[in-house]
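For clarity, chains are labelled A, B and C in written order, and residue numbers in each chain start from 1.
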Amino acid sequence: MLNQIYTKGAGLPLQGSDVAVAWDGLYWFLFWLSVFFFVLVVGGMIYFAIVYRQREGKKAKYIVDNHLLEATWTVIPTVLLLVIFAWGWNVYKRMVQPPSDAMEVRVIGKQWLWNFQYEDGRLETNKLVVPIHKPVKLLMTSEDVLHSFFIPNFRVKSDVVPGMYTTVWFEAKVPGEHQVFCTEYCGTSHSGMLAKIEVLEPAQYELWKANKPYTLSGVRTISSDIFAARRAAGESTQLKSETIPLPEQGKKLVEAKGCTACHSADGSARIGPSYKGIFGHEAELANGEKVTVDENYISESIRKPQAKVVKGFNPVMPPYTKEMISETEMNAIIAYIKSLK
Amino acid sequence: MSQPLNTTGVHHHAHHFDSADHEFQASKQGMWIFMVTEVLMIGAIFVGYLIMRARYPEAFHEAHKLLNVKLGALNTAVLILSSYTMVRGVSAAQRGNNKLTIRMLMTTIALALVFCVVKYFEYSHKIHEGTLPGGNYTYAELSMPHVPLFFSFYFIMTGIHAFHVLVGIGLMTWMIKRVKSGEITPEFFTPVELVGFYWHFVDLVWIYLFPLLYLLG
Amino acid sequence: MSHSNTATLSNEIHGDNYLNHSKGLKSWLTTLDHKRIGLMYLATVLFFFLLGGIFALIMRLNLMSYGHPVVDANTYNKLMTFHGAIMVFLVIIPAIPGAIGNFVLPMMCGAKDVAFPRLNLASYYIYLFGALFATAALIGGGVDTGWTFYTPYSIRTSGPVILVLLGAFIAGFASILTGLNFIVTLHKLRAPGQSWSRLPLLCWALYATSIIQVLATPVLAITLVLLMMERVFKIGIFDPALGGDPILFQHFFWFYSHPAVYIMILPAMGVFSEIIPVFSRKPIFGYRAIALASFGIALVAFIVWGHHLFVSGQSELANFIFSLLTMFVAVPTGVKVFSWVGTMYKGSIRFNAPMLYAFGFIELFTIGGLTGVFLATLAIDVHMTDTYFVIAHFHYVMVGGSIMGLVGGMHYWFPKVTGRMYNETIAKWSFGFIIFGFNLTFFPQFIAGSQGMPRRYWSQLPEFDLWNRLSTVGSWFLAVGFVMVAYDMIRSARKGPIAGPNPWEALTLEWQTPSPPPHENFIETPVVTSWPYEYKPSRG
């Protein structure tokens, strides 16, 4: 039955997540409301055009306005629009607020591919593998220009912006293959910047995690063949031999890059603040302002260390450019700091 | 932008107006509307500056110390004085004192040139030191992030202002020519008055730029 | 008017009028006559409409079926960029104000010309100059930024981006000057008795448009300057690699470009507010409400730009506010649509081509407006934005609204401009082709978009083939319709039957003077004694 991402005919894509179900409810409400108003306006127009066409002996009536009627067609749409707004906001909140236990995957967009970086250290290109019925949160950034991560079956989308982290979350409920599009124009091969999400049953997911052969069952897309061909040619998916968990990669990186000379992992202050227990907490800055330590703050503090200096420390850290620490490495370092509770 | 004047260039009113005053009122309204577009254009870049300043207050504060307040203050005084000479020029034109009009317009041009010379020294000093916008910033003694951003705004804002000053000099030169030709009379002095409007606006922009960039940072 | 009555006896136009008042190319290129300037605007706008339209046809052909592209990806991206930039900056924004507005507005006021005729001519040349820059960029290898110039791609990509930016920057000043001229004309040059409450609705609509042109365009100007500086001097304000903020660019850009959407649609609404009562032989329903709605729309236009940034990384609070505010665009818009249909109620409706375009406009604009509500709804927009749903939506509004207004208005005022009548049969057939072709081109895009088909894709997935095929076939019908209009107009301008001063028996002032109008519009300055929609049954 579910052999393609798009429902047959002119309907919406299949409902791959609970958010999609809520979204479709709102969509169809708007759809039928629009049909009603379209019939009212255009039907009324056609009816008037026929009934009141110019005829011998028939004169037009002199009507200038009708305040009651005008008030009605001002007030009723206003009320309806407010209802639509509130409903839209309600569904939107569900779309953008991930549950706290969501599994995290890091996404890096670059011209013209998607890299997915898993907690266990794996790095895959254009293929995101997730377990079914588990909330998944994507932490996304770009290495070059704007991109946008769009999964029609899950009805979620967010721009992917260089220099900051944005998120998208979903809980897949249909196993199989789901299409990902880049939806922010990013240059020559924008239309080739595609990826697939593979939603696996728990047992198959465990096999994948263990790096063993697994089978993908469930929905397929018509264009699966295209992707299968590309995969066979080794074009779009590569499994990196590196399978050290992401936080451990980060630990190695901060040692290799010399960060530990100034930053401890045990809570003791050196030249700079310790990594321990800072993630998700507030830090007081030299200028008295407070900032929550999150992905954006850590990334900024590595790229531009003087921008927001923690109180009690001197602004002596040199900046680290993308050539020195790549976005992929950045993700590992953040995962490491995050793991030091 | 290069044609803020809405005059018809003839001292009797154009055929589609009832009277010279009718035409003057229309021209004045047109000029006001043009000034509104100028405010919106400069306003947009002010908003951009304020947003970035709110984000990186320290960097902007440190960067503004590199500006020369004395030269900025000197230029402020020069422009305020030029506004005064402009007012006298316009009032002389209204009274038909063409000699005084020309003298005042020339003084205003001279002051505008003084402004440009001071600006030239400021710019060349910055080019020499490397306190330049964004990617061109090379000043080693202050290497905070976002300091170059301050200089991006500094050069863009003062640059747009300086461009307006140059346009003003051109317009005043044109006015001197028209006064000399005897076109400007107590019955028809619209062009001079509108150039006066324009010049006051240019001064006013600087009155905002100076404290914002030089004093507050 | 007596001399034009005698003219109807033969198929020759006699007497002094704005077309034969002075002769030679130079008399046109240096003219200060608002009517001639309007026609020069029209000719240039239509040339670029043809160019942008050809680009669109190539793009549609390219997308017709999966795996059979007709151009390569780079070429497609350039076509996409120039189609958008040309249609927005060089066609739709100047179309109705520059062409129809210039021709009609002073006459509707009862004025001899606009307030500043030289500035008006300057506006045309500035526009032409801007257009030349854009054309130079096209000849110089093309630009692939997309018409929205989003940073940082527009900073990084190669090609003559600066030429296009300069073109849009310069054309913007033409738009400002037109707006400025109209505002002063409306304030200072109305004929005796032409009070504000008697002003035709097209004038009200153009007034509201002018306010937006004057207030929003300078913000675009400075934004484009900053972007040029990014490319030349690496100023870094919008470049994340230099500490800048690419989303700030989007805010700046849409602060202009969202109001610009209303620069495009308000004049079309004004055109149909004139056409509908004339062909219904009835007063416009709710004159005051329609006039006020234009200003309501203009006001709201300035505070809703953030709805273009719902998935950009902008804060949730901002999304909340912008979504809520955007909903209020629909209220005054709805008032207008209801009022137009209400005008037809108990009328005596004639089915001439301008009225057919009014029907078409209401059909298309209603769909465009209703789908706008979808996109204003936060959750819906997250899925729909940057898909073909958005493409379909704004083509329904921009083509279904603005271009219908332009073409409908061209038919309506054709007898006034040329003194001759267009061919009603060809006009009706071409309307049929346009309305059928338009719906066939763009309705399938709603479906494809809701299924997730992304915009600005050189190559689409085979899942969407059906919709893409329908759309491409539709674009041919649309093109045939426009070619028929062009054929009819070019032919009828020279050979059409003499129309007489007021073939539609309209009451606005431009019809109370010979066709084509004399050099200074009226033989005697008109004195207005009633409002322009006083269609008493006795006169029907």
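In this section, contacts are C-beta pairs under 8 Å (C-beta built on N, C-alpha and C of every residue); 3 or more make two chains touch, one makes a residue touch a chain.
Everything quoted here is computed from the prediction, not taken from an experiment.
Colleague: Going by the contact definition up top, give me the pair of chains with the most C-beta pairs touching.
Modeller: Looking across every pairing, the one with the most contacts is A-C.
Colleague: Please name the chain that ends up farthest from subunit B once chain centres are defined by their CA atoms averaged.
Modeller: Between subunit B and the rest, the longest centre separation is with A.
Colleague: Take the average of all CA coordinates in subunit A, do the same for subunit C, and state the distance between these two points in whole angstrom.
Modeller: 36
Colleague: Averaging over Cα atoms per chain, report the distance between subunit A and subunit B in Å.
Modeller: So the centroids are 47 Å from each other.
Colleague: Send over the residues of subunit C in touch with two or more other chains.
Modeller: 243 - these are the residues of subunit C that touch more than one other chain.
Colleague: Give the residues of subunit B that touch two or more other chains, as numbers and ranges in rising order.
Modeller: 145-146, in rising order.
Colleague: Please list all residues of subunit A that touch 2 or more other chains.
Modeller: Residue numbers touching two or more other chains: 304.
Colleague: Give every residue of subunit A touching subunit C within the complex, in rising order.
Modeller: So the residues of subunit A in touch with subunit C come to 4-6, 10-13, 22-23, 26-27, 30, 34, 37-38, 41-42, 44-46, 48-49, 52-55, 58-66, 69-70, 73-74, 77-78, 81-82, 84-85, 87-93, 95-96, 144-146, 148, 150, 152-153, 155-159, 161-164, 166, 179, 181-192, 194, 221-223, 226, 304.
Colleague: Spell out the residues on subunit C that touch subunit A in their complex, using ranges where they run on.
Modeller: 73-74, 77, 144, 146, 150-153, 156-157, 240-241, 243, 246-247, 280-283, 285-289, 311-313, 316, 319-320, 323-324, 327-328, 330-331, 334-335, 337-339, 341-342, 344-351, 359, 362-363, 366-367, 370-371, 373-374, 376-380, 382-383, 385-387, 447, 450-452, 454-463, 535-538, 540
Colleague: Which residues of subunit A touch subunit B once you look at their complex with the stated criterion?
Modeller: 287, 304, 306-307, 315, 319
Colleague: What residues of subunit C sit close enough to touch subunit B in their complex?
Modeller: 111-113, 115-119, 122, 173, 176, 179-181, 183-184, 187-189, 214-219, 221-223, 225-226, 229-230, 233-237, 239, 242-245, 248, 252, 255, 520
Colleague: If we count contacts the way the header does, which residues on subunit B are in touch with subunit C in the complex?
Modeller: Interface residues on the subunit B side: 1, 3, 6, 8-9, 14-17, 22, 25-27, 29-30, 33-34, 36-38, 40-45, 48, 51-52, 133-136, 145-146, 148-149, 152-153, 155-156, 160.
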